[in-house]
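Okay, so here's the structure we're looking at.
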Amino acid sequence: MATAAVTEVSAARGRSSTTLRVDRGGAFDAPTRERIVVQRLSAYFGTKCAVKDVSMHVLDNRVTAIIGPSGCGKSTFLRCLNRMHETVGGATATGSVLLDGHDIFGAKVNPAAIRKHVGMVFQKPTPFPTMSIRDNVAAGLAVMSPRPSRGDVDAIVERALRRAALWDEVKDRLHMPATGISGGQQQRLCIARALATDPEVLLLDEPTASLDPISTQAVEELVYELRREVAVVIVTHNMQQAARVSDSTAFFMLGEMVEFAATAQLFTAPADPRTEAYITGRFG
Amino acid sequence: MTVNAETRSDAGAPGDAASPGIEGQHLQGGGLADRVYDVVIKGFALCVPLLLLLLVLAITEAAWPALRQFGFGFLTSSDWDPNNQKFGAAPAIYGTIVSSIIALVIATPLAVGVAIYIAEFAPLWLRRPVAFLIDLLAAIPSVVYGLWAIFVLVPLMRTAVMPFLRDTLHLGATPLFSGPAYGPSMLSAGLILAIMVLPYISSVSREVLLAVPRSQREAALALGATRWEAIQGAVLPFAKSGIIGGIILGLGRALGETMAVTMVIGNRHEISASLFSPGYTIASLIANEFSEASGDLHLSALMAVGFILFVITLIVNGIARWLVWQTGGGRRVRA
Amino acid sequence: MKMSEAIAGMPTPPAGAPMRPSVRQREAAARTSRTLVRRRIVNNIMVALLTLSAVIATLPLLFILFHLAKSGLSSLSIDFFIKDPKSVGESGGGMANAIIGTLIVVSVGCAIGLPIGVGAGLFVSEQKHTRLATVVRFLADVLNGLPSIVMGIFAWQFLVRPVGHFSAIAGGIALAAMLVPMVTRTTEEMVALVPHALREAALALGYSRARTGLVIVLRTAMGGIVTGALVAVARIAGETAPLLFTALGNQFRSFSLSKPIAALPLQIFQYAVSPYEDWHAQAWAGALVLIAMVLTISIVARVATTSHGDGGSD
C-alpha cells in the first residue's frame, strides 16, 4: 500500500526518483511493535529549547523519517534517543524515552549501555583513522558483553560488511586504513560498524548529506533493506529521500513536531497547513 | 501536533515481533571505568598546580633564613662576603638585568628582522629551511653554548671585538666600553644570551606576523604602497603587541639562563659601569657558589636570590603570555 | 625623508582631507615620480636589511656546529663511549659514566614526567570548559617560562636536603618537573586537533568516556604527542642547571638511583671550566655527542611533524 504511494509521490512531483531494486515483501509486512516511545520530550542547550514537548514512537522493522527545515531540532531530537544529547556541555532533556518499555533517562541507566542497543551514524563519515577497515567494524565489539571470541569477530565483521553492502568492495583490503576508501564507502563502513553489535535501533542523522548521488543511492537502498532487522530512524532534509525510504514520517518545525503520519499520507494529504507549505516547497 | 492513527494501524501487539525485547538490567551498571578515568586524569592535572605550589614552598622555605636576617636590605646591599656572613644581592640583580638588556638590544632587531623576512619576503622554498635553522638554535643545550663561548666567543671578544669597540670606534671614552678587555664580561654574557633568546623572539614574532589577516597587507598594496610600506603601515601595527610579548618571553629566558652565562660572565661581585668588566647574574651566582657554600646562611642567601629570580620571571612571563595571547586571538604561539 | 615629502608620497590623501587640489598636492604631483623612486629605494634597502638579518641570525648556528665538528671529532674515539674518566694527569679515558648517567636520569624523568604530562594534557582538553582546566593550562605556561635552575632548587630542597645526599632520583625528578608542563601543553594541543566527530562516534558505539579518551582520542593524537614529547625530552637531556643541585655528577660509573650520578651536560661543564687541556678536548667531544643526541631527537620529531603535517587538523 504505502509502497505505491511512495512511487506515486515521487512521480507526481516530477522529480527523479531512485527505483528501489529491493524485495518489497518480507520485512515490510512483518508484524511490528513500538520499539521506542517518546513522551513529552523537550531538549535544551542551556536555557535554549531546541526540541519542544515531542511525543511519538518508533516501530520495529520500519523506517521512521524525520524531516524539517535546517535548525528545527531534528538532530537534537535524534540524539536524545541514544542519550548523545547530554554529551554536549550544558545540554539537558525532560520527558521520557521508553526503549522496550524502559525509561532510558532512568536514574540507574548507563548511557553507554543504551548506545549499544541504539546505534548511530552521523552526517559525515567518521571512520577511526588509526584503525583498519576490519578493526573499525570490530570497534564496537570490544565493549559487548560477553565479548565475542577472536574467531567470531571475523565472521561478525564479514556479516556486518555484507549487511552494509560493502563486503565485495573491501574484502581484499580489510587490513588497509579505513581512511583510504571513498566517502560513500566510509559512510557504509560506519553503518557496518553500527550494525556489528546488532543494535535494536539504528539512528541515521542525514547519512547521505555529504555523499555523491551514487553513494547516496547505495545508502538509501541499504536503509530500505535494513528494516528487515532493525528499527531505523533517519533524519533528512531531503523530502524525496524520506518519501523513498520511510514508512512513517515526522515533520519538525522550530523544535516542535508538527505532524507525524504514514509517509504516504504525510506527503499526499498532510493534515497541518504548515506541513503542506513545507512539502510543497513554500518554505524550508 | 498531529499524530495520525495510521502510523499505529499496522502495529501488532507488543512482544510478538521477530526480535526480542531488551532486558532492563542490561541497561544498568557500568560507569566505573569513567569514574576511575575522571579521578585519574584529574589527579594528573592537579599535579601541575601542586608542582608550582611545591616550587613556591621549597624556594621560600630555603630562602627564608636569609630573607628574615637581611630583610629589604638584601636587595640593595652589594656586600657579598661569605666569610663575614654578609650577603647582598644588588650586583647579581644588576648583572641579571644588564646582561638581559644587552641580549635584547642585540637579539630583537635580528629576531624581528628574520621573522619579517620569513613571513613576508623569503621565497616560499626558503621559508621552512630558514625557520628550521633559527628554531634549531633553541634546541642547542645551554652548556654547549657555554663551551663554545669559552673557547671561541670570549677569545674573539678579547682580541678583536672589545679593542675594536674601545679603540677603533673610540667608544672607550664612554664609561660603557672602557677598561681592560679580559674577555669574560657582561658584554660576552649579553652576546651569548642574545644568540640564545633569538629563536624564542623570532618564532613568536613569526607566528604573530602570520596571524595578521592577508587582507591587511593586500589592501595597502592595492593602494600603491611598496611592500615595506605595507608591512610598516598595515602589518606591524597589528602584530606589535604580540611581538612585544615575544620579546618579553625572550627576556624571561635571558633572565633565568644559567650555564652559558656562568661560563662567560667572569663571576665577580661588583657593579661596574663598564660592560667590559666581569659580573654576576642571579642564576650564575647560584650555580657557581652552590657547591662551595660555606654554611647554612650562605646557602640560604643563594636560595634568596633564587627566590628573587623566581618572582621576577613569574611576573615577566605573566605579562608576556598575556600580550601574545591577545594578538594571537587565543591561538597558541609556541615558545 | 621630510614630512612634506612623506605626505606627498602617500598614494591617497589622508581621510578627511579636502578634495580641492591644493598647492601642496600640485607640487606633490610634480614630484610623484621622484618620490616613487625614493620609496622604491627605501623598500629595497629594507628588503636588503631584512635579508641580512636572516643571514646573520643563521650564522651562530653554523659557527657552533662547525666548531663542534672541528674540535669534537678530533677528540672523539671509541674509548670516549666505553671508558670512564681517568684521573687528572693521565691521558685517555672517556665519558661512558656520563652517557650512562644521562640515560638513567632522563629515563627517570620520562618515567615520571611523561605520564603526568599526558594525563594532565588529556584532562585539560577533555574538560576544557572547567575552571581547573583553565588554571592548569595557564600554570603550565607559567612553569614553562620558569628558569630550569628553579626546578633544581625545588628538588634539592625536598629530595636532597632532607636525606643529606645527592642522588640520581632527585635529578630525574627535577627533569620530570620540567617535562610535565611542556608535555601537558603539547598533549592538550594535539588532543584538541582530534575531530570532535570521532569522539561522538566512539561514544555512540557504547564506548565509555574512558575508553573513548584512551583508545580513540589519545591513539589518534599519539603521533603529535610523541613528536612534542621528543622535543621536550631533547630539551631536558641537555639540561645542566637542575642537575647541579641534584645529580651532582660522579667521576665513576654508577647505576644506583640513590647515589650521585654523572650526566653528560654536567661533565661537559665541569671539564670546560677546568684548567686542563685534556679535559677541554673531552668536553668538546662530549658536547658533540650531546648535540648529536639532542639534534637527532629534535630533527626526527620535526620531520615526523612535517610528514603528518596539517593532516591531523580536520
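Here the chain labels run A, B and C in written order, and each chain numbers its own residues starting at 1.
Just so we're on the same page, a residue touches a chain if its C-beta (ideal position, glycine included) is under 8 Å from a C-beta of that chain, and two chains touch if they have at least 3 such contacts.
In this text the structure is predicted, and so the values were computed from the model without any measurement.
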{"item": "Distance-to-centre winner among chains (Cα means, whole assembly as reference)", "value": "C"}
{"item": "Label of the chain whose CA centroid is most distant from the centroid of subunit A", "value": "B"}
{"item": "Centre-to-centre distance between subunit C and subunit A (centres being mean Cα positions), rounded to whole Å", "value": "49"}
{"item": "Between subunit A and subunit B, centroid-to-centroid distance (C-alpha), Å", "value": "52"}
{"item": "Subunit B-subunit C separation of Cα centroids, rounded to whole Å", "value": "10"}
{"item": "Residues of subunit A whose C-beta touches two or more other chains", "value": "112-113"}
{"item": "Touching two or more other chains - residues of subunit C", "value": "208, 211"}
{"item": "Numbers and ranges of subunit B residues touching at least 2 other chains", "value": "30-31"}
{"item": "Subunit A partner contacts - residues on subunit C that touch it in the complex", "value": "129, 195, 197-198, 200-208, 211, 215-216, 219-220, 222"}
{"item": "Residues of subunit A that touch subunit B when the two form their complex", "value": "30-34, 54-57, 59-61, 99-102, 104, 106, 108-110, 112-114, 117, 200, 229-230, 248, 256-262, 265-266, 271-272, 275"}
{"item": "In the complex with subunit C, residue positions of subunit A that touch it", "value": "82, 84, 87, 89, 112-113, 115-116, 119-120, 122, 124, 126, 128-130, 139-140, 142-143, 190, 193-194, 197"}
{"item": "Residues of subunit C that touch subunit B when the two form their complex", "value": "11-12, 39-40, 42-43, 46-47, 49-54, 56-58, 60-61, 63-64, 67-68, 71, 115-120, 122-124, 126-127, 132-133, 135-136, 138-151, 153-154, 156-158, 161, 177, 180-181, 184-185, 189, 208-211, 213-214, 231, 234-235, 237-241, 244-245, 265, 268-269, 272-273, 280, 283-284, 287, 290-291, 294-295, 298, 302, 306"}
{"item": "Sites on subunit B touched by subunit A in the complex", "value": "1-4, 6-19, 21-22, 24, 26-31"}
